[in-house]
Each structure stands twice: as structure tokens, then as C-alpha cells.
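Would you mind keeping the following structure in view while I ask a few things?
The chains carry the letters A, B, C and D, assigned in the order they are written, with residues numbered from 1 in each.
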Amino acid sequence: MAEAGVLELKVPCDPRYISVVRLVVAGMGAQAGLTVDDIDDMKVAVSEACTNTIDHAFAAEESGSVSEPILIRFSPRPAELRVEVEDVGQGFEPDRVQLDLSQPPSVEGGLGLYLIHQLADSVQVQSAPGSGTKVIMTKRAAR
Amino acid sequence: MAEAGVLELKVPCDPRYISVVRLVVAGMGAQAGLTVDDIDDMKVAVSEACTNTIDHAFAAEESGSVSEPILIRFSPRPAELRVEVEDVGQGFEPDRVQLDLSQPPSVEGGLGLYLIHQLADSVQVQSAPGSGTKVIMTKRAAR
Amino acid sequence: MKIQTETEGDWLTVFSLSGELDAYTAPQFQESLAETFDRDLVWILVDLGQVEYIDSVALGILLGGAKRANERDGDLAVVCQRANVLKVFDISGTRELLNVCEDRGQAQRLLEQRRAMAMARNKRGGQ
Amino acid sequence: MKIQTETEGDWLTVFSLSGELDAYTAPQFQESLAETFDRDLVWILVDLGQVEYIDSVALGILLGGAKRANERDGDLAVVCQRANVLKVFDISGTRELLNVCEDRGQAQRLLEQRRAMAMARNKRGGQ
């Protein structure tokens, strides 16, 4: 059941639906009073988290098999948009994915989490091998 | 769990979120290959079903109490968009809500289901007192 | 949704709406309309030129407004060009009832005529 | 997303993209880029003037394209004005690497210069 005041989106693990998720980010961001620029930032951050689920959460399964959906929760609060992107995939050790936020990753790949941290005002990555991943991103309206 | 290829939206029973539902209708309609006009029709039909849930499904409860969310399922098929709007509210007897589709309701009120039937290509209303309501609307791309 | 209200020539209230008119936003317009009736203004022009979306909630409010205006010897006219909005008037069969016009000039002329007729009627009634 | 491809002066491949570049649409551009390399074209201009959205997937493809072009003595330049798209280049520190320019003329001149330098280098190397 959805928490009061929370909008939930369950999206198949397929890149074709990420643009729809961005539409919801736009709508919920506007409701939370975010500026267009802040909404643009959250569109990228949330898309990156969805792309990660699609690319990494169910990597071990053979292709063609149906994977579990991405669960996205939007909590609009006064002057703040909080978005959770959750999967029940294989998870990872966030500490072992070295995130040197002082400079961007120099090689191809490894950009997703970096961009998320740069674009959201606050980020929490909850994950562990075998127990799925939850990325919580918050953007505040007034800064 | 979401069916494969199905996008699910759980929305609080609050009119402020209906515009977000319309954004998802637009995105999923585009994916299904609907024209802009057909998408506009489905925006109204789906909004009407959501408004009905908000207005009628939990009418007996005192205001301020938290009601169950609206559950909206989008199944994009090739050249077709199917949308289900479901609630676990008090339900009604669809047969007793006289729907004379040959002419519009002449009084105020009673327009919601009429518009849904006029705007979707096919409509199913599943409801009974005490067991919630599900409205299934389909729009085909090529007509 | 945004609402702009003007009075023309001391008798006509013009509402210019923009955005989306649904169950969340339309009640705000309903309030503005109620205030107008409270001030005994019964000639109303609703310009939906900038409105991208309406549904049965807006329709109900407009029908209620027209009914209330008619009961008090006034009238309401709607201006609208957008195809998707017109479609909602068409399929609900409310285009006539709501005096839906293509532009503001046409709507204003229609209300002026109705008002002239109402005044003539009242004069005769008063004699 | 839409992709339009032109060849200018027999050496420069120009991609004009529009719409959104994400994990769903960007791979289509990646294929077009791969075909270009297959045809031994290594000077590439990517015009993102009509692109409203990019993320790390597009960035990865552009970085891969630049790397491949450089390895083969060519180069890649990006044209982009939109603030939200520029921001992704800025925060990822890829603006220099991808030769991000404000307009197409600037990008084309930059690639012309790089090509003249590469040809001079090859000539010296060949002597």
C-alpha cells in the first residue's frame, strides 16, 4: 500500500519506460515547487538510478527472462521532492564502488552514481550483495 | 508485482495528483503509437475515472481520514493503450447508474461515465457494492 | 491554472483562464464565479482560449454557472478554439447551452444582444 | 529521438540529433556512430542543438566516439546551447574532452584546424 501522500510507480525493467518516469518527475517536481532547473537535475538523477537497475540489478539472469520491476516512490513535501528508486536485484557494496566526488570519473562508465551525487541535494544509497538496492534522492526547492 | 510489460501507478486519493496521471497517459500513449488527439481523449477518460474514485469511492468516510490509493495500470500493446483505474472503495451497481449513451445526461452530474464511454474505444466497468471498482479503458491507434 | 478577472462596461464579468481545468484546479474557478453572483453580476464571459484541458468537473461548474445566470435573467458564454476542449463540449452536448463561441468578440456581442432582449422584456413587464 | 546524418566536404560527418538521449534512444545513435567508423570516417560533429535531455548513457557513447576518433587520428566535437544539457558536460568534466562548442560554425572550424594539424603531422612523419 502506498504511504499517505506518496505516489508510487512500478516500472518494468526496460529502458523504454525511463522517459515516462521523467514525466512523473516533472509533474511531482512542479507540485513540490521546484524550479525548472532543479526539475531537470532530478530528471537526470532519477533516470541514472533507473538505468543502473536495468543495467546492473539483474545482470546475472539470462536475457529474455522477466525481471522484477523498478519501484519508484515520490514524496512531495512542501518545497522538497524526495524520490526513491528501488529494485530487488543482486545489489552491490556501495563502499566498494569508489566515489571520489572531488573529480569526475576519468574513464567511460562509472558516471551514473557520480551524476546522481552531483545533481541531487542529498543522496543515500542502500545496497548489499543479494538484497537489492535503494537510492534515495532529495531536491529542495529553496536553496 | 507488476505484470510483465505493465506500468503501475499508485496515487493518493487526492485531486492534486490527477494531472500527474495525465502525464503518464501522454507518455504511455505516445509509446503505444496513439495520435495526439487519441491521447487527449484518453487523458479525459482516465481523469474522469480517477475523479470518480476520489468523489465516490470513499464518500462515507469522514474527511481527513486516509483513504486507500487509486491503482492505475497501463498496458501498452502494439497500437493500443489499455488503462485500468481501480479502487478498493465502496463500489456501486453499474447497471443502476443508467447510461443512456444515445444522448448526454441533461442535468449536472452524471457526466463522468458518459464521457469515458464516449472517449475510449472500449470500456468495462467492474463494480459491486462493497467490493471496489475497476474501470478498464482501451484506445486503439489505428481506426 | 491561472484566473484573470475583468469587468467590462459595468455589467460584463470576463474570466480569462489558462492551464488545465480539472478536479484539483476547477474549484478555484468555481469560487470566483460564486463571488461574481454574490455581487449580483449575472452576465459572464469565460475565455478558455489558453486552457489546454477540461473535463466533467469544469463542465459541471460552467453548467451550474449558466443555470444560475439564467435564473437571474443573465447569461454565460464560453470562448474556446482548441479542438480537444471543444470536443468535450460537443460530446457532452453542451455547446449550445453554454453559448460556446470561437472568439471573444462573438461572445461579447451575443451577451450584449441577450442583455438588450432581457432589458426589453423587463420594460414590457414593468409597463 | 531523431537522427539526421550528413557528410560535409567528403571528410566531416555531421549528426543532428533531436529529442531525448537516454538508455532507450541513445543506442540508436551509437549504431550510427559505429557505421561511420566502419566507413573510415573519423572526423565527427554531433549537433545536440535540438536535444532536450542527455545523461550518462549518451555521455558514454560520446566519450567512446571521441576516443575511437582520436585513436585513428581524427576528432569529435559537440554543439550544444541548452543549459541543462551543458550542465551534464560541465559536472562530468567532459566539456574539453568532447570539444563542446556553442554553434556549428565554431565546431566545424575547430575540427578543420585539428585536421590541418593532423595532416601536417602525417606529412612530417612521412618524410
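A few remarks follow.
The working rule: contacts are C-beta pairs under 8 Å (C-beta built on N, C-alpha and C of every residue); 3 or more make two chains touch, one makes a residue touch a chain.
Not measured: the values here are computed from a predicted model.
Shared contact partners of chain A and chain C, listed by label: B. In terms of their C-alpha centroids, the spacing between chain A and chain B amounts to 28 Å.
With centres defined as mean CA coordinates, chain D is found 55 Å away from chain C.
Across the assembly, chain D contributes no residue in contact with two or more other chains.
Within chain A, the positions touching two or more other chains are listed as 16, 19. Chains that are in contact with each other form these pairs: A-B, A-D, B-C. Chain D makes touch with chain A in their complex at residues 20, 22-24, 53, 55-57, 59-60, 63-64, 67, 83-84, 87-88, 91-94. On the chain B side of its complex with chain C, the touching residues are 15-16, 18-19, 22, 37, 40-41, 43-44, 47-48, 50-51, 54-55, 103-104, 108-109, 111-112, 114-115, 118-119. Within the complex, the chain B residues that touch chain A are 1-2, 4-12, 14, 16-17, 19-20, 23-24, 26-28, 31, 66, 68-69.
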